[in-house]
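Note that chain A is present in both complexes that follow, paired respectively with chain B and with chain C.
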Partner chain A sequence: MTDVATTTPETTLSRGAAFRANLPAGWGTAAVVAGAWVLLIIVSGIHRADFLSHQTVLAISFTMAIVGVLAVAQALVGISGGILDLSQPTGLIMSAAIVAWLLERNVPTAVVVVAGILVGAVWGFANATIVVVAKLNPIIVTLATNFIGGAVMFLVYQNAQAPLNSSFSAFGRGYFLGLPNIWWPMVILILVVGYFLPRTRYGRHMIAVGGNRFAAQTRGISLKKTRFAVFSIAGAITGGAGVLFACSNGPFAPTAGATFQLPVIASVILAGCSLAGGRGSIWLILLSVGFLSTVPTSLVFFGLNSNWQQVFQGMILIVAVSIDGWRARRLLK
Partner chain B sequence: MKMTVRRQLATIAPAVLALALAGVATQPAFAFKLGMAVGGEAASNWQKPQGDVAHAIATKMGWDYVELSNNLDPAVATKNADIFIQDKVDAVIQFNGRAEVNPVLAAKYAAAHIPVVTYDIAQKGFYFVGIDNLAAGIAGGEALGKIAKDKWNCDVDLVLSSEGAGAGIVNEWRTGGMRTGLQHICPDIPKDKYVSFEGSGQVSVAAPAARDVLAAHPDAKKILVVGLNDAGVLGAVQAAEQLGRADDIIAWGQDGAFITGDNVDPHLAGSVLYFLEGYAVYAIKDVIGPIAEGKAPPMKDDAGDPASRVKPCPVSAEQAKKIPGIEERVKQLLAAPAGTTEYDLFCPKS
Partner chain C sequence: MTTGTSSLIVSGLDRHRLRDIATGSVTSIAVALVIVVVVGLSAIGPDFLSASNITIIGSFVAIPMLVAAFAGFALLAGVVDLSIGSMLGLSSNVCAWLMVAGWPLWAAIPVALVACLICGAINATAVVIFGADTIAATLGMLVALRGITFIISGSVGMIPAFDPNFFAFINLTAGPLPVIFLISLALIALAAIIVMRTRIGRHVQAVGGDDRAASRAGISVTGVRFVALLLSALGAGIGGVLYVGQLGSASNYTGTGLEFQVYAAMMIGGYSILRGGVGNPLGAALGLLVVAGTSNIIDVKAISPYLTNAIIGLLLLAAVLLDRLRGGDAFE
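Up next is the complex of A and B:
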């Protein structure tokens, strides 16, 4: 596990507690989420055997792909104390719209991909600038910029779409090793970010600022620089999600990103990333996104319509937030 | 010297007064003011042009024009009605996708004596201009049924309905109408083959929902898709493409938003074009124009007996290739003689 925490309680340990202490940090969350996921798959498979089919795997992995990438960006913001980036839907669609626009003009695909990621990074940098310069709460700033960016996009376009007959769109519909092409970048991103976050200087700065920014400042870590870095990197990752979105979706409106907000936030919290900052595992996002992406598919197999998906995701979010609060209180004790 | 000035003023003043009176006499007492409340549903590419066309025609007529967006929000639609009343517009055109608030709007406008044209969604006391949604739905369903009959002899494994519950009765007319039309041609498709999902008329909502439904029907090889609009139907097509089942699916849309242009999905077999962006031609020719001339037409607020009927234009993907995209259509419509409709200009005659 790559779970990172700034607080380590020092107490006399019982044998059970000593065993638990030797386990990798975050094992409890991993066990609970993995257990819930396996249970859901087993129950669904018992209810209907055809749930355990390649079609189900494809449906779930397509759902996971973009949510997972966005969740990594959201987790970085959360772990570094930025609480939540509510401007992700606009960042995602802005990047996707630029990608579609460039592809229509026959710009080489590699350039388009880089441009999409850069647009996201610029969007994140703009958010950081407002947060740092105006010294405002990131959650309020990103809520506002989400509205502003969405409204500006309305003024510019109604619907965008990557050319259907392009290699870019073919990639979005294609598979590698039986799984969607767009699923693999998500897995690689989670593994890479999860590995480097606690093992690099900048990664540790992010965690330190999120855990206790005053203590971090006394250690010479610049809060401003860290904010800029986190929001820009998270923005670039959101831009990457926009690239994946553009290649795997048909026509999309400026509002199309809104559907990702709830599952992304739920995934991050369920993965044990604290909204208070300083704690969270990127690798666990793979489990939480997998579990949450399986829920809607499973519900359909149980004959429940898509409206129930929002109900269940909302309930899971409440449970996850409650667990996060309980964890925070326990750490304080 | 003072006397001279007075004489000069006495000479000039009547002349100025006469000119002013003449000017007043030749100018209309006021310019007719048209209020337009566009739908504001972002996923539909025709909603902004719908206002643009109304604006262009109103300008040609020499009217004042005020445009507001309902943002697909009943509270905003109500506030817009208050603004139009306060602004003393002479008539209003509205597209309001949130029909539940229409009775409130009707009461407000009736109290202010402002005539209102409503597009596509009927309301007592509002002139109805638009499509017969049920007829359009049935026409689309029949067209899809003919393809299913030719290709699969109506032996269908699954009929997906991409619903848009937020559109209320319009969804029932269009999506339900398509199922009815399909049953006209293929009456023996068992009821349990019909499966609905909520697509909200948007690709981004419909695609994941359809993906799950398709996964839950892994053995379905002959799949038909109907729905509220092209975007909702395309969501199901996209889901099938992602699951490697694109060749199993045939879809027919409504509203024609994604059947024209050079980026049409090959699995969208056709759509019913309403040419929604050009509705103002009908509304102004048959209702607003006569009102501006002081000859208000009799109230016709029933979709079955409308003030102006918009003709639906079912087109196959092949036929749609000859129809220009929405921007070009608007350009040609505004360049055409007054009263010319897009149906006249673009609907295939055979």
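Up next is the complex of A and C:
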């Protein structure tokens, strides 16, 4: 596990105590999430044997792809103490819309992909600028920029779609080793970020800032540079999700990103990332996203429509943050 | 405003209260309201203050204002409830659904309110008892309740529930002002008196301002926050029921985004959704009038309604910046 531990602010836990306190948060969380996932699959399989089919695997992995990529971005913001990025839906769709617009003008696919990622990075950088310069809480800033960005997109376009006859769209609908093409970049991203975050200097700086920003500052880490870096990287990843979204989806409106917000936040918290920062495992996101992406497919097999999906996702988030809060209190004691 | 804790210790500061109000958030928001009126008059002309337009603005702002009067206690106690918009939708749809099922109004309303109180209790349990992050937990409730509202409202997505007496009562006017607007104003005034003049109000301020100090002073932080979240839910419930009367129906979209509009307005009026202990119901009422006036100008001038969201977003940023300059916590 890549569970990372830094001493919590306002407490003077010894290294050993911090390690012990975090140990269950790593393996324990993994076991709980994996257990819940297996249980969900078994129950659905008993209810309807045809649940256990390749078709189900495809539906789940398709859902996982974009949620998983967005969850990595959200986790980086959370672990580094930026709390939450509520502007992700706008970043995602802004990138996807520009990707579709460029493809319609026969721009080479490689350029389009880079442009999509850059749009996301610029969006993240813009958010970081407001956070750092005005010294405002990222939750409020991103809430407001999501409002503004969504409204501005509506003024520019109502509906966008990547050209269906392009190789780009063919990639989005294609399969590799029996799983959707768009599933693989997500897995690679999670494995790579999860490996490098606790093993590189900059990764550890990010974790340190999230754990105790004042201690990090006295060690010579610049908070401002870290904020700019984290929001820009997270934005670039969100832009990458926008590219995957554009190649795998039909026509989309400026509001199409809103449905991702909740599953992303829930999977990040389920993966043990504390909203207080400094704690969390990227690799665990693979498990939590897998579990949460199975819920909608499973509900369909129980004859419940997508409205129930919202009810379950909301309830899962409430339970997840309750556990997170309970754990944080125990850690402080 | 003096903060809750200091007013507990030095009640002699009370005589400075009027002066504090004069220089504080309420004044700045009153200035903003004057600016809106001036812009409205210059953009639309004297019709902006005509009796019919005032009736329109009054009935538009009445229910959000009532919701704000209750939600203000949760903000003041430092536990923002993002689910009020969905909760209002739930109450609206439960009430309409029961009316269609043949229930009399006097029986349908309490059921809708109890449904909201149960959801409020779930919020409070997660946030106060388990220590869940308030924004994340109530965001979960926001989505869950919207799902339930979609399920109740069925495939049509709309429940027509027209009650002529209820409709007539909600749309009653006294001069140019709707009676329901006056009721909301009275509730705001009552909330303002509770916050500024009573021991309970000072306790809520103290809990929101510094929960450890409040706890040392013998105030039950858990109790105050739990009740504050219940009050917030109750306000949303009442708002939802009133919308059934005003619109003669409930839809799956009733209340969507209301929480952001109300909180943006309240933050413009001096509240903070990130720290408790600040804000005044009078400021909230003025903030809502500023937003309502702005939307009205956009409506009358037939500018794209999407622009309203952009303006609310900008106002929200301006409001938090103002709050920080006023002494709110800076981020890093």
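Odds and ends about this structure:
The rule is short, and it goes like this: the second predicted complex is superposed on the first by the 315 of 333 C-alpha atoms of A that agree within 3 Å, B and C clash if a C-alpha of one lies under 4 Å from a C-alpha of the other, contacts with A are read in each partner's own complex, and residues count from 1 in each chain.
Heads up, the rule we're going with is that contacts are C-beta pairs under 8 Å (C-beta built on N, C-alpha and C of every residue); 3 or more make two chains touch, one makes a residue touch a chain.
Everything numeric here is computed off the predicted structure, so don't read it as measured data.
Considering which of chain B and chain C touches more of chain A, the answer is C. By the touch criterion defined above, A:Phe154 reaches both chain B and chain C.
Judged by the touch definition given at the top, the superposed model places A:Gly325 against chain C, while chain B stays out of reach. After overlaying the two complexes on the shared chain, residue contacts for A:Pro180 are found with chain B alone; chain C is out of touch. Contacts of A:Pro108 after superposition: neither chain B nor chain C is touched. Touch criterion met: A:Leu84 reaches chain C, while chain B stays clear of it. In the superposition on chain A, contact is made by A:Phe62 with chain B only, not with chain C. When the two structures are aligned on the shared chain, A:Asn307 is found in touch with chain B and with chain C.
When the two structures are aligned on the shared chain, A:Gly35 is found in touch with neither chain B nor chain C.
Comparing which residues of chain A touch chain B with which touch chain C, the overlap comprises 154, 307. Taken together, the chain A residues at the contact with chain C in this complex read 84, 130-132, 134-141, 143-148, 150-152, 154-155, 213, 223-224, 227, 262, 265-266, 269, 275, 307-318, 321-326, 328-329.
Only residues 42-45, 47-48, 196-198, 202-205, 207-209, 211-216, 218-219, 231, 234-235, 237-238, 241-244, 257-258, 263-266 of chain B touch chain A when the two sit together in their complex. If you check the complex, the residues on chain A that touch chain B are 48, 50, 53, 55-56, 58-59, 62-63, 154, 158-159, 161, 163-164, 173, 175, 180, 248-257, 259, 296-297, 299-301, 305-307.
The residues of chain C lying in touch with chain A in their complex are 122, 125-127, 130-133, 135-137, 139-148, 150-151, 260, 273-274, 304, 306-310, 312-314, 316-317, 320-321, 324, 330-332.
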